[in-house]
Structures are given as structure tokens and as C-alpha cells.
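Naming follows writing order (A, B, C and D), and every chain is counted from residue 1.
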Amino acid sequence: MSSALLYAGAGMGLLLVGVWALVLRAHLLRKVLAINVMGSGAFLLLVGAGAMGGGPVDPVPQAMVITGIVVSISATALALALVLRIAYATGKAALPEDRERDLMDREGR
Amino acid sequence: MSSASRPPGEPGLLLRAVLALLLLAAAAGVALALVAGQVAPGLSGAVAAALPDSGASNPVTAVLLNFRGYDTLLEMAVLTAAVVGVWSLGPAPRIRETEPSPVLLGMNSVLIPLAPLICAYLLWAGSSRPGGAFQAGAVLAAAGVLFIISGRRPAVHLPAAPMSWGIVAGLGVFLAVALAVMPGGRELLEYPRGLAGALILLVETAATVSIALILAGLFIGGRPEDEP
Amino acid sequence: MSTWLAALPWMVLAIAIPLLGALAAFVQPRRAQVIGLSFSFLTAGAAVGVVLDFITLGPQQHAVGGWGAPLGIDLVADGLSILMLGMSAVVGVAVSIYARAYFVPYPDKAPRFWPLWLFLWAALNALFQSADVFNLYVTLELMGLSAVALVALTGSGPALWGAMRYLLVSLLGSLAYLVGVALLYHAYGTVDLTLLAERADGGLQLAVPLGAMIAGLLLKTGLFPFHVWLPPAHGSARAPVSALLSGLVVKASFYLVLRLWFTFVPEGEGLPLLLGCLGAAAIFWGSIQALRQKRLKLLVAYSTVAQLGYLFIAFPLAGLEPQMAWSGSIYLALSHAFAKGAMFLAAGAIMTQGGHDEIDELDLVVDRMPLTLAAFALAGISLAGLPPSGGFVGKWLLLESAMAQGKGIWAAIIIVGGLLTATYVFRVLGFAFTRSEHHHERHEVPAAMEWTALLLALGAVLLGFVAPWALPLLDGVLP
Amino acid sequence: MNPGLLFDAVLVTVLLWVAWAALASRDLFRGIVLFIAFGLVLSMGWVRLGAPDVALAEAAIGAGIAGALLLATWARLPGKTEERPGDDLEGQERDHEQR
């Protein structure tokens, strides 16, 4: 078992946790957090799986991850701006199918 | 409320079970694909071989701004499109002026002047050591964010026009360089021999300024008020 | 004079021009309409340049940075790419002309629409030409973010919800795709499609990443049962935006599914059958929902769900007759882009005229807007697959392929789906010819809006006539 | 087991735990703070993977900018009560205005 495999596995774990929360948590901010955790998981998988062969550190997946991090902050910023507009327009930071739910956090309403 | 154990609208046991099964299956698939079969050697050798011609001695910078510079170009487009999208949602929500805490003000008086220095170092170091445009831009933006939330600023009347020119400068300069090298039978982004280092620095500097402005613009959360 | 024109790098310009246009329209918001429209024409011109290059010189390749795969990123324009580029150019120009007239009453929206639409167009052109799976991820994200922002442009609660759900689904799909990219790089040490095709040797190491990527793309395409995000997003967007989303954006992720499929040619019967069944389910579910809608734009959006189903019928039919089945599917995608674009543009014109889009309150709209109604009817003819439209050619190829293999069940699905389509189109036309009891406001509709819808719908019909020239372009692309 | 691998194992465990806690906690503010911590732990992981450039980007953008954006959004959410957790942390964003 190598460190690279360990980190790739952790990436997979983060993806699972992220999807779980994305589907089950109602508050839109939480869904944005979930997407970000998933993104980090995919990036870990990219670098970790790429490094499993050993040898010198491969810069290509690293550059891809930096690209990915910037793409992900762009998406996060747009998502957060949307969350805020939804909260202002409808009074609740949730999608219509989740509006009946207790948002399970103190800042829900 | 139908039952005490499950509030209305709360996802049921069936959904959770199906989701868990799907996720476990996906995880098993990925795990098998990871451990089964060969692991390819990757591209570190190819990058090392081409590094002397790339105009940067940090391999990651070489990949980001030369070998796979086209990815970075489109990534700048994504970042710019995000701020265009955020601005399109409406004017920025106003931030209420409050008396900032003395701790924050004290911290800021050290951090804000320091940020451009760190930024310049990261930008300069990027070609040979870890660092580069994105990290440097983020540090500069962080200083801007501290400035915005510290309340020690002239009223939030951000002039839209210079800000939007600054926002597009990164992608604009990158595109201009990418296209300007083409005459003479070269491909998009194919830097002429010997000019790669200088052009990369030019692109990175413009990108740093834009990234800082874009990240700060994203933080404001909407378009400046004088923007039509 | 044509020598220097022919020497221009059209593939690159088709991506660079819309990007420059987006920047220009953003920094000059007061002149966004003029800038946007001019750059739309230039972008379409560049796409035509790529198509002409292909016709005269064959498939084109461009090694960005001069490195070439695997170190660099390659752009490739083959027959499939140029059909998609051409489709985007025609629909894009029509929507741009329409949008210029449409946004005149909304001076606050116009400067927002143009940069986002040009970013979206750049992403589409980049996506159709990229031969690098990671680069494709970046183009997918550029496309997704600008499309989401365009939906949110409407500004109302439902549109914001639609945009948010669309964003989450789109990001989830991209991440699934990215997992596939990571596993491909792990196993084969490259992200270039051509090299991957050479190195991929089947087995789990190919099946798992391919499964992840296709699943993510199906989510973005909105194939049943992943369609739930689609009608709210497409139905609540501004009319030109709906036309772009239904006409072009969903085609981009479908194109990518095809590209991966043609590159790796997965073995086995299970997955194609599953995709075909989902397609059939989409046809029935989407059509029935379309029949039940009260609002015209939602009807058209559910029709997209149904028509996307048709595109996947080719998968179970491609085993023995790949050429015919794939040609049918691709041709359906093209004609759907024209027809659905025209339908949304027509729906937008009707909405502008009457201030609403309730189907049973259309109130003799045919008297006031004969051109728009003609556009809707012509687009409906293509959607239902009636001759001589492009939709007819596509469905005919699928039918013939099904009959040649004795797979009558798929033929039956195609025919029943066509009847359902005709039913909901005629339902709209019926109300357009009857008088309503209620009084409605009436507004002037710019002629440019009516004519672009009509011309685009005519394009969908004319596609049926150009099929003998268009289909051979796919030679060498299909497996 | 060599010490490097042991360290990695601990780091990965902490990473997964922080991620889970950030997504599962009842309190949204706590979730965001944990998410920022997650970014910092992750950037340590990038250093361990031999990717210092990524570590810098993760710390600056993934934890720093994303954290600031999340906190700002959270602070601007409408309909908040006065006694919210961590009132003294982000004292500047105390705008309860509704648009």
C-alpha cells in the first residue's frame, strides 16, 4: 500500500461523502459545500492515481488540479450568488422540492 | 407533521438505501479500476525533456502556461464568465457599514501592505519555484476582501468601467499573445524561440491583476451600481 | 483574394472570436447589442471557414502550442465536429438576430445577455473541436456556467430555482466526467483521445472511467430519468436562451457521448440496450408530459425531453447497421437543433405579443402572427418526422436500420413517438385557430423575431433536402 | 509501517472526518468553518503528495477565497436571528438587510 493509493482512496471517500450530502441536505449553501468537497475528492483522485506508479512527481495532473481549483471557485462563486438571490426572492435558501424541510441548521429560515 | 421520526419532506429510508447502494457500487468500480491492471508512467519524462524550451523552470508553471496553456486560457475564460454571470444577477448587495473591530484593523494594517509584496514574490517565484499567477492573484484578492470587510474604505462606489477593463485584461492579454505569435506558420500559443519566458511573464502578470480583481468582484456578489 | 482567407486558422478563430466578442461586449455594456451581433456574424463566419476547410482539404488538426499530444493539446475538426459547428453557426446567427430585437424592451438585460452568449458559443466551438479529455472538461464547465447564468437572467424565483438546480446537476455531471479523466490518465498516461484510442485495451480499466464519463454526460444531456432539471430551466429562461439551451447546449454533451463511444467502441450488448430503453422511456414520458402542459414554453421543453430520447435509440440499433443508425441519430440531433430553436423563438414571439403563453388562451393568434404560426407548424413537421424535413430523414434512417435487423419493437417506438409529437403540436395549432373568451393585451412584435423563427424552421425542413450532401461528411467518423 | 505512511494515514483520516463533519453538522456556520479547516488539511495533503504549487493554490483559493465567499454569503442570508453562533468572528458582515 502506497501513500498515493491512500490519497486516491481518500479522494474516492470525499466523492462519496459529497454526493451523499448533495442529495440529502436541503440547505443550498450545504449543497455548495458538498460540491466543493466532491471537487477536492476528484482532484485527489487525479493526482493520487497518477502518482501510483511511483517515479518522479508528474507535473501534468498537478497543473490540471490547479486549473480545476480555479474552475471550481468560479462555479462556487456563481452558485453562492444564486443562493443569495434565491434566498432574497423566495425567503428560503432551498430548492422548491426541499422548501417543506427543516433545513437542519440554525440559519435555515 | 405526519410522524415524529420523519419530518415532512425529509428523504426516506428507501432513497437513502438506494443512494448508498449506488455509491458503494461506484466506489467498488473505481477501486477495482485503480488497483487492477497496469499503471501508466505519466508525462513527467516528457515534461522534463521539453522543460528547457518552455520558458519556465518550474515544471508545473511550464505545463500551465506553455504545454497546456490552452487549458489555462479557457480557465481564464471560465473565471471571467463567472464574474460576468454574477454581475448579471443584479447590483451588488450593499454591505452595511459598521465599526470594525480594532483587532481586525490592526491585523489589516499589517496584512494589506504585505499582500502586494507576497503577491509579487509568488508571481516572480512561479517560474522557478512553487507559486504563480493564480496563487499571487488570490493573495492580492484576499487583501482586497480584507479591505472591503474592514469598513475602512471610501463608500462602496466601485467605478465599474476601470474594474471591468481590469477584469478582462487577463484573458484579453492571454488571447492577444496566443494569437499574436501565430504569424510565421506557428500554432496558437506557440511562443517563438527565446521569447517564451518573457511572454509567459507578461501573460502571468496580466492574469494576476485580473484574477485579483475578479475574485474581489465575485466577493462583492453583484455588479457595481453605476454599471447599466 | 481567397488565398489569404483560406490561409487563416479558422479552427482557432472560431474559438477566439467569440471570446474577444464576449470581452468587448462586457467592457462596453452600452454598445453590447451592436458588438454582440457583429461578433455573432464573425463567429459564424469562422465556423463556415472551418467547414469549407474540411470540405476542400479533409479533416484538420491543430496542435496548440506546437507540442502535439501527449504533452500538448490537439484540436481536431472531422466530419462530426464540422456538422456540430455548422449547426451552432446557423442556430447561433438566427438566435442572435432574434435576440437583438427581443432585448430592445429590456435595456438592463441586453448588456448581460451578449457576453454570456458569446462565452457559451466559444465553449461550444471549443468543445466540438477538442481532442483532449481534460480540455473537454474545461470547455464543459465554461459552457455550463455561462448557460446557467443565462437561465438566471430572467431574474424571477422559478428561473433562479431552475438555474440553481441546473448548476448543481451540471457540476455533478462534470465531476463524474472528471473522475473518468483521472482514471484514464492513471491507466494510460495520456488525456489525448487519439492516443487513448490506441492504448485502451478494454476491461475494467476502460469500462469504469467510460461509465463515469458517460453517466456524467447523460446527466448533463437530460436523458430520462435525469431529465427533471431540464423543463424548469429551459421553460423559465428567456426565449432566445431557451432556444440556445434546447437547440445547442444539450447537443454538446450528447456529441461528447458519441465522441467517446466512437473513440472506444465499447463491447457488449447491455449498455446500448439500457441507453435505448431510457431513450424509449424519455420519448413516452416527455411526450405525455408535453401533452399535459398548460404553458407553451413548458410544452416545448418537455418535447425536448422526448426528442432527446430519439437520439439514444441508435445505440441498440448500431450493432449490425452502425452507419445507418448513427447517421440517423446525428441527423436527428441537427434537425432538432433547428426545429426546437425555431419553436422556442416562435413561443417567445407569441409571449411577447400576448404577454402570456397559456396554450388554451392563444385566441386566434394565427390572425395576428401568421409567420410565427407557420414557423411553429414547420418546426412541428420536422419534430414529428414528416417528410420532407430533416427530422424525417433522421427517423427514416433509424426506422430502416431497425427493420433491416428485424427489431420491430424499436420501429414501433419511433412511429408511436412521432404520432405523440404530432398530437401535441396540433393541440397548440388547434388553440391558435380558436377564439378565446377572455380578453388579452396585444403588443407589437418586431418583424425580425417572426422572420428568424420562420427561417430557422424552414432550415429544419430544408435539412431533409441536403441530406445526400451532409451525410457523407460523416464517412470515416462512424465506427 | 514507516512514519511517512503513518502520517499520511492520520492525515487522510482527519481529512475525511473534517469533510464529513462539515457536511453533516447541524449548524451551518460550523459547517463553513470546518470546510475552511478542510481546505487547510487538504493543502497539507498536497504537500505530502509532492505538489507544493497545488498546496499554495488550495490554501489561497480553496480555503481562503472560497471560505471568505461562503462566510460572506452566510452573513448576508436573510431572516437571521440576533443570537447566531460566532457573532464576534465575522463582525463586519452584520447586515440583516433584506433586499
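Throughout what follows, a contact is a pair of C-beta atoms (placed from the backbone, for glycine too) under 8 Å apart; a residue touches a chain by one contact, two chains touch by 3 or more.
On a predicted model such as this, the values are computed, not experimentally measured, just so you know.
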Both-way neighbours, i.e. chains that touch subunit D and touch subunit C: A, B
Interface with more contacting C-beta pairs, comparing A-B to B-D: A-B
Euclidean distance of C-alpha centroids - subunit B vs subunit D, Å: 18
Approximate Å spacing (C-alpha centroids) for the pair subunit A, subunit C: 28
Interface hub residues of subunit D, defined as touching at least two other chains: 51, 53-54, 57, 61, 65, 69, 73, 76, 99
Residues of subunit C whose C-beta touches two or more other chains: 134, 138, 141, 145, 148-149, 152, 179, 183, 185-186
Residue list for subunit A, restricted to those that touch at least two other chains: 9, 15, 19-20, 45, 49-50, 52, 57, 60-62, 64, 66-67, 69-71, 73-75, 77-78, 80, 82-85, 88
Chain-chain contacts as defined at top: A-B, A-C, A-D, B-C, B-D
Residue ranges of subunit D touching subunit B (in the complex, touch as defined): 51-57, 60-61, 64-65, 68-69, 72-73, 76, 90-95, 97, 99
Residues of subunit C defined as touching subunit A within the complex: 134, 137-138, 141, 144-145, 148-149, 152, 156-157, 160-161, 163-165, 167-168, 171-172, 175, 178-179, 181-183, 185-186
Partner subunit B, residues of subunit A touching it in the complex: 5, 8-9, 12, 15-16, 19-20, 23-24, 26, 45, 49-50, 52-53, 55-64, 66-67, 69-71, 73-75, 77-78, 80-82, 84-85, 88, 97-102
Subunit B residues touching subunit A - in the complex, by the definition given at the top: 7-11, 15-16, 19-20, 23, 26-27, 30-31, 34-35, 39-45, 47-48, 59-60, 62-64, 67-68, 71-72, 75, 78-79, 81-83, 85-86, 89-90, 93, 132, 134, 215, 218, 221-222
Residue numbers on subunit B that touch subunit D, as the complex places them: 58, 60-61, 93-96, 98, 100-101, 104, 122, 130-132, 134-135, 138-139, 141-142, 145, 149-151, 215, 218-219, 221
